[in-house]
Every structure is written in structure tokens, then in C-alpha cells.
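You will see chain A twice below: alongside chain B first, and alongside chain C after that.
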Partner chain A sequence: MTASVHSVAEVMAGPAGRRGWRERLARWRVPLSVLVLCLLPWVLPSQALAVNVLIYGLLAVGYNLLFGYTGMLSFGHAAFFGAGAYATGIGIGQFGLPWFAAIGYGMLAGGALAFVVGLLAIRTRGIYFSMVTLALAQLVYYTALQATSITGGENGLRGFTLARIDLFGWSIDFLDPVKKYYVLMVFAALALWFVSRILNSPFGAVIEAIRENETRARACGYDVERSKVMSFTLSGLVCALAGALFALHLAIVPLDILGIQTSGMIVMMTLLGGAGSFFGPFVGALAFLLMEDVVSLWTPHWQIVVGTVFILFVLFLPKGIWGTLLAWRAGR
Partner chain B sequence: MSAPLLAVENIGRRFGGFVALEGVTAAFEPNKVTAIIGPNGAGKSTFFNLLSGVLAPSAGTIRFKQRDITGTPQHRFVHLGIARSYQITNIFPELSVHENVRVAAQAFRTRYDIWRARAAMSELDERADAALAAVGLLGRRTTTAKFLAHGQQRALEIAIALVAAPELLLLDEPTAGMGPEETRDMVALIEKLAADRTILLVEHKMKMILGLSDRILVLHHGRLIADGDPCHIQSDPEVRRVYLGQNDGYA
Partner chain C sequence: MDAELIAMQLFSGVALGAILVMVALGLSIIFGMLGVVNFAHGALFMVGAYAGLYVATLTGSFWWGLLVAPLAVGAFGMLIERVLIRPLYGRSIDDPLLLTFGLGYVLVETVRILFGNEGMPFPTPPELAGVADLGIGYFPIYRLFVVGVVAVILLLLWLGLEKTRFGLIVRAGARDPQIMRVLGVDVARVWLMVFGLGVGLTALGGVLAAPMRSVDPEMGTLVLAEAFVVTVIGGMGSLVGAIVAGLLIGIAISMTALFAPEMATIVMFALMALVLLIRPQGLFGKPGRA
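Presenting the complex of A and B:
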């Protein structure tokens, strides 16, 4: 309320330097991510780990759009990951779709499912919202379990192995893990670019406003319910793409993918890396899978160790690995 | 009397069996300041919640610029030209002061665009900064809102409302929790805003109300018990009995 003593020009410049590196990081976040993804197979202990980081990282990025940026804690995102995977496998194996059309089909299925689940779940808030998403995801799980003739039930979905894929007249050996990784990476990179655009868009400001203060966002003239459904659907769409890549990678879809453990793991990865930051989910997926990889070498009970680390993070470093690094760098 | 900007007819609101507001009828001319007073729990905030769409009335109609807007969803109100501040400060605490107002300005340009870069929409920055300048917060534009002093947060909330260029501004106890100095600044701001805007104001500070308002409405137990200019209200025996007579330090 005191009269302004700053000139507009001085004010517009802002505190130089401190914000500078953050803005540069934000501007280059997509090329940087792609660069890291390109190097991943060569710096990680195994190719298999690299492709898992790619897929689960993308999954967590999609989830983060809803959880980290819109502030809605869903416990049912396994449903969209799984729907993407199942629909892609079914598209190839049962409808005879070409592989790239099957990816589109998988995204469509996962996105449509997310739209419906979102529409139902956003009527509630807080813990009730989480429970509704969980219940609806369980419904999807049991449907897949029962519809044996389509999904393969408990045995999972099989019979859609791709040996080669054709792209613009090129024929790529899809059994070669390195070639497969880079094909899948192209899709992940496109999705990262898409998510980055959403976050930089006017809609990105709207969901952050809803996360910060829902009543104020509504008073500012935003249709909060509609925006939430939209965010939920976009998030489901990205997770469905991760599912499609998962199906192409494994050439089978295990029923577990739709299970409650998958939903829990998505939340854990996102929190571990840092919800509400662009790189956080990838860092979280990397940390989670690396821990699993290393710890499971000397004990089959690796989940106890990973779970303990997760709890320590939630208690003492709630911003996650990446969020803590950012805060520490900004505080200096 | 010129055509009223806002007219309410017999509006009321119940919560279960409890009647929070009942049978309120009033019309508000443009460019006037009207104060709503009444003891705690009289229904003042409920009245504002009905006028801003936060709650739907259980009875009666609300007309804004001759149009029946009863039952309009809350998020439409600001687009109609009705903006408000809340009794308890209601801002985006983790966003910067500038971002708080900018996102409010953006609602009038685009709401669902996921493709264009919002940073390129520089006219939103200009609108936000103009609103911040109007409340004297331009110098704090990069500060995270939660770090502002209480009075500045209240001013920020008014800037958020102002960026909508509302014809009707509802202020629910804008000086709540403020010391004398902050209150003086706020009164000066409201006087400035009143020049070309219709303002409805809930307040407890009587001196401030008498100086600011063209008209006073008195609510008591959810009913409108008096409506008139400040001198008339001051001498109304009923009002003196239920409100001023309490001698609770406000009068």
C-alpha cells in the first residue's frame, strides 16, 4: 500500500541473475531432456534399465501434469497406462493395425478412459477424489481380468510381437534393443515437448492457479471443473502413450500393469523426483528403478529399501530429489 | 433515480433449517458506495456470497443490468462485471504478486488454450501492472504473495478483482485485521476506486463507513432492518438498539 518508489523499468528488470538460470533451464528443458535420454543407454548399467527409465519417466511426467501442476492426487493412473498398453497390443494383434496407428489407438483409448474417470472423479475433492480414482481403476483391473477372450485375463495379453517396423520406407530391426530404444525415444521426446508446451501455455497458468487456490481461480472467472477434466484427460493421454511404448517394448501386457501397485509406483516416482517440476518425474523414475536394480542384486526384498527411502523423502525432503536441488541452488 | 445496476428481490438463503438471510429487497444505483453493516452472524457475508454466485439463493431473484442472473455459475460472475474480495484474504500465496494479477487478467483473454506461449501475451503483463499500480503494489511485483504484509495481501486481492474491470465491486471487510495506518491507506484506495465504480462494502469500523458511504444497509438476524443515508441510519432507533447501542467499540 505504500507508494511505489521503484521506477517501472527497474521493476520490470527484476532481480537479475537469480531468476536468470531458472529461466534458461526452463527454456532449454526439452532439448536437455532429449539429450539426456539419448545418452541414457550408454551411461546406465543396462539397456533394459534405460528403456524402463524412458517409459516410466514419461508415465510420471504425464502423472505430474495432474498431480504436480493441478494439485490432484490420483491413485488410479495405472488404468490409463494399462489402457494405452492393452489397446496398442489389441490394435496390433487383433485388429491388425500398423504399429504407429496402434500407438494412436492406445492413446485414444487411454485418453477417453481418462476423460470418463476424470468426469466422475472431479465431483469430489481431496482424499475422496483419490479414493474414487482408485476404485474406478480397480474396476478397470477387474474388467480386464474377466474379459479373458480379449485381454488374455491373468495370463496377460500376448501375440503382437513386432520383429521389424517400417518407417518412411526404412525397415528397422525392432528386436535390436538399441534401435528399439531410439524409436521409442522419439515418441517420448515428442510427448515431453507437448507437455512443456502445455505448461508454458495459458492453460498451464490456469491449472497452477487451481492448484494454488481453487476458490480464487473460480472467482477469477475460470471454470474449475472443466479445467480439471481437461487436465485429467491430457494427463491420461500422456500416460497412455507411455503404456503404448511399454506394450511395444515388451511385446506382452501383463495384467499387473493395471494393478494398484502400478498406481502407487507412479505416485512414488513422482514424489521421489519432485512433483511440480519438469525434470522431477524423470529423476524420480531413474532413482526408483536404479534402486530396484541395485538393491535387488543382494536382496529380493528390495521394496523394503525403496519404501524406506521413499518415506524418508516424504518426511524430510518433501520437494523430492530435483525439487530439493532446485531450492538449494536458488537459496544460495 | 437512474436505472439500478443491481437489484435483488426477496432473496434469502437457508442452511438446512437455519435461515441465514431472508426477504432482502434492494436496488443499487451505479457509481455509489453502499455499506452493509450488522452484528456478527447477521448474514452480510452470505449476502455477498449470493451476489457473487458463491452460493445460490434459496429464494428470490438477482438482476444485474436488468438481466436475471439468479443461478448463474460462480465463474461467470466476473465476466458479467461483478468482482469481489473475501473476508479472509483469498489470493494465490505461492505465486508472485505479478502472477497473481496476471492469471486473473488472462481469464478475459483465454482459458483453455494449451498451445500458444503465455509469455508472449504481453498485454496481460500491462493490464496486471496497471492494476498493481492502482493499489500501490507495483514495487512488489516479483515478491511471492505469501511474503507480503497483511495489508498488502488485502490490497493484492483488490488488484486481482480490479483487473477484471468490474462495474460492481464487492469488498467483504477490506480492513479486517488492519492497524490504523493500513486502514487509512485502504480507505484512500476505496475512495479512489469509488470515483467510477459501484461498490458494496461490508465493514465493522463505523467511522470509516460514515465517511465513505452514500448509503447504509443494516442486517440483523438475516433480515434487512434499515436502509438509508448515513445520517438517517445513525438516528434510526432500531439500528441503535441492535447495533450501535452495543457500544462494542465500533461505534
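Presenting the complex of A and C:
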């Protein structure tokens, strides 16, 4: 009798112990992410790869807020990434804004665009939502293509190179890749903290409830439409920040940034890493970019390999790399 | 701006719309039956155009390309359904969508490897070159031919769906596959055929469109977006909606190209936004499905 009580206690302790492990990981997720980001330039084969992982990882984090946590599969997030990049470049090059104000301007533009697109797109659900976001992103693409005088059209946006950046009396050499990386990283770290706070808030619980069961969330009295638009806008805002960092990094905004390929790449990165997990998007961005780097060494058609790997993931590992690791660790 | 020019442009729009109808119908049939949105649909349109070009070059006749390419690509579509999409039934509705998106990537790159990055011209068959005088103006014969082919296909589709046993099963299966299974219908086989049919339609659209433009590996991207716009405007799963909206979009693009060329690619998206605001389920969609 006592033996069976003992074993029951053990059974109870088992999952609780594991839950403790996951809770500790969740509590330290922002400092841990920032620590990894700090180390990135020193552990990856090239500086260029590190800064790309930083920017695309942040982009995927923003996208994950919508896809992973709210359960809305957008195929148009290139629009907000691109809007952030274009507005930042235009802010510096044409309005003469200081660089930090230009980042704010980029986020404002991307966030506002996300708000408008979100309002339209959430009028549809499920598969329609994916189609409508894709179509609206194409609208943004063709508008940028036509508005040559503002965006540079097919040639992309140029002419806003920053050699040095100044803040509070400091002057930082922005052409030095390491210094540039750490300046951009500060913004990514702030955004990670912001996203983590959103996910921990009551609002974070509401969007996850919508993902799990929209009808039930509505029956519980939550304003599903408003929460969806909020989630869409916040997601667009983070993606726009990634775009702003992209513009500062490259000092050029190619038109391709708005294309369907970019939207697809965001989806792929998020899914490869693990949608709905905090670290997943960065893991996915790293995996995607490493794959691109390695495969393009021996063929210019690296997309065929990336596409095939993506198909295999959808078929066999839909939780992605990080999600599968978590599930495996929890299931042991 | 004389009436003849407007009539010609209007007709161009109908020809363009006819192609869109083929693509959007394929998309709608697959969705209505399988509940799958095929994101590789644009890529398969492009594959259809290349297959048509390849067969036409090989045999020296456009007609073989027009006949063989849709059948071959349709069969390829059945293979896709059997191998890649069937394992995903019963999982999240997003999964087939994600998978077909990845497949589109692979198809575009495969065509790049086989045929190169650059576009290739697709000559208009000599039998169909030139213009015809219809009394109200001169119209390119090839475009008249395209509209004719699409009309015949639509008629055949309608007859097939309404008058045959297979069509009966397809229509019933779209409403309740579970009951069909209980009644002893091999639903898996029907879905295989329907996917092949949908892919074959978009491939036919690709071959028909090719001589009016050139073929290039990226040609499917805009077509996919256009087909989505048509489906959203017409109402997902509605075949009548796909036809009406396809023609409407074709005419809208063509007329805008006449009056404000820089707005031509943008106008259809504006129309879609308008429909979403006023009637989110689409012109012919049933409320609640959107």
C-alpha cells in the first residue's frame, strides 16, 4: 500500500520536475537569447552570417507572434519587413532624419501598414486569410515597383549610407562590422524583451486561446477580432524593426525584399525552427541561412535543397527543430 | 479614345480573363473537394507552359503541346497528391498549404536548372497567327482561339460535373466525404482524380497563355496572386464565382492598362479589398465559409 502511494508521489513529481525545467527556461528566455546573440559573431563562420541571423531571426520572431502564437498563417509579412526597410531608408536619405528617428519612422510605417492590412485580412479566416495576405503583399510590391520616384523602383532604394552614428555624445564607426552588429543587436534585444512581455501578458494568453479554439475564446467573451488585429499589428511592428535594421545594415533596400519569396522565406524559417516556441525562430533563421551558405557553395540553385528540406519538415517534423527537441525532452 | 480601341482592349481582357478562369477553376475545384489550397498552383501553371513549349519544339507542332502538356502535368499532379498531400489529410489545414508552397519553390528551381533563368519566346502557331475582322474591329485570331478553347473546356466541365456518375460523386464528396465512404465510394481515388484535374486545368492555362507572352520560371508568381484574387472575389469553392470573377479581373486589368497603365497590376488588388470590405465571403460564396 505504502509502495503504491510512494509510486504515485513519484509519478506526480516526474512531470512537475520537468515542468520546472521548462518554466526556468521560459523565465530566462530573454537573457539567454541575448547571451547567444552576443556570442553569435564569434561562433559563426562569418560576420555577415551573424548579422543576417540577427535580422532574419528577429523577423521570424515577429512573424512567430502571429503564426506560432495566434495561429494565423500570413503569407504577406514581406510587406511589413519591406515597409520598415524602405521607410527607414527614405527617412535618412530623403527626410534627413537622424538614424534612431529613422528606425522609429520605419517601425511606424510598417506598423501602420500592418494595422490596415490586418483590418482587411482578418475579415477572412483560415486558408482565405493566407490568400488575402499574400495578395495584399503583392499589392504593396507592385505599388513600390510603380512609385519609382520614392522607392527607386526596380533598382531599389539607395543613397542613405551611414558611416558613423552618434548618440548621447558617442560616435560609433558604423562601417566596422562588429560594432555595427552590436548596435543592431541592442534593438533586437529590446524587441525580444518586448515580445516576451507580450507573451507573458493576459493578451498573450488570449491570442493563444484564439489559436487553440477561436469559437471558445469568443464564447468566453474575448474580443477575437480586436485581438487578432492587435496581434497582426504587433507582429508587423517587430517585422518592421527587422526591416529597419536590414536597411541600416545593407544601406540599400532591394525591391525583392517585398516579394513573395521573402514572405515565403519568413514562413520557412519560422517553421523550420519551430513555430510557437520562443527560441524556434532564431534556430530556424540560423538553419535556413546556414543551409543557404553551404548549399550555394556547390550550386546556385540552393532553393531546390531548401524547398525539399522544407517539404520534409512539413511531412515529418511539423514542430520544427526546436519544437521537436522540446517535445522529445518533455516526453523522456 | 475610339470605340474600336476600347472593344479590342475589352476583348483582350476577356482572353486574359479566360486564362485566369482556367487557373482559378483548378484552384477552386481542388479546394472545394479536398479542402486544400494549392500554393504550387502558379508554379504548375509555369510547368505547364514549359511542358507545352518542350513538346511543341520536340514534335514541331503546337497542337501536340496543347494536348500532351496538360495531360502530363495533370498526371504529375496526381503523383503529387498521392505522395505528398495524402499523408497530410486529417492534420492542420495549414500543412498542405505550407507543403505546396515548398513544392512551388522546388518546381521553379528545377525549371531553372533544366531551361535556364532567362525567359524563352513561345511562338504563336502559324495557323492561328494574324487578325480576324469581326466587323467591329480586328482581333488577334490566337486570342479568339483561347476564348473558344476555354469555353469548350467549361462546357465539358459542366457536363462532366452535372451529367456523369463521376461528377455526381465529386459533387456529393465535396459536401460530405464521410457519407461517401460509408456508401462504398473510394474517396481517396476521387480526390486523386480531382487533384489531377485541377492541376491539368492550370497547366492548360499555362500552355494557352504562353504564346500571348513568353515563358519564364517566375511567370507563375503573379498568376498565383491573380488566381487568389479571383477566388476571393468570386467566393472560394464556387465554380460560377471563379468564372465571373476571372473574366471581371481580366477585363479590369485590360481596361486599366488602356487608361492608366501604371495602375494595371494594382487595380485587381483594390477590387479584392473592396469585396472584402463589402462582402467578405466573395460574390458567390456562402456566408460563414469565409
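In this section, the second predicted complex is superposed on the first by the 317 of 332 C-alpha atoms of A that agree within 3 Å, B and C clash if a C-alpha of one lies under 4 Å from a C-alpha of the other, contacts with A are read in each partner's own complex, and residues count from 1 in each chain.
Going forward, a contact is a pair of C-beta atoms (placed from the backbone, for glycine too) under 8 Å apart; a residue touches a chain by one contact, two chains touch by 3 or more.
Every value quoted in this text rests on a predicted model; they were computed, and no experiment measured them.
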| item | value |
| --- | --- |
| First, second, both or neither for A:197, with chain B first and chain C second | first |
| Which of chain B and chain C A:215 touches, first, second, both or neither | first |
| Touched partner set for A:126, first chain B, second chain C, both or neither | second |
| Contacts of A:230 with chain B and chain C, given as first, second, both or neither | first |
| Partner chain in contact with A:151 - chain B first, chain C second, else both or neither | neither |
| Contacts of A:134 with chain B and chain C, given as first, second, both or neither | second |
| Common interface residues of chain A - those touching chain B in one complex and chain C in the other | none |
| Residues on chain A engaged by chain B in the complex (per definition of touch) | 1-6, 8, 11, 14-15, 197-198, 200-206, 208-209, 212-213, 215-224, 226-227, 230, 234 |
| In the complex, chain A residues that touch chain C | 73, 75, 120-121, 123-128, 130-132, 134-136, 138-139, 142-143, 145-146, 259-260, 264, 267-268, 271, 301, 303-304, 306-308, 310-311, 314-315, 318 |
| Residues of chain C touching chain A in the complex | 31, 37, 39, 84, 87-88, 91-95, 97-99, 101-106, 108-110, 112-113, 221-222, 224-225, 228-229, 231-232, 236, 262-263, 265-266, 269-270, 272-273, 276-277, 280, 290 |
| Residues on chain B engaged by chain A in the complex (per definition of touch) | 52, 54, 73-79, 83-84, 90-95, 99, 102-104, 106-119, 121, 129, 133, 135-139, 141-142, 151-152, 155, 160, 164, 182, 185-186, 189 |
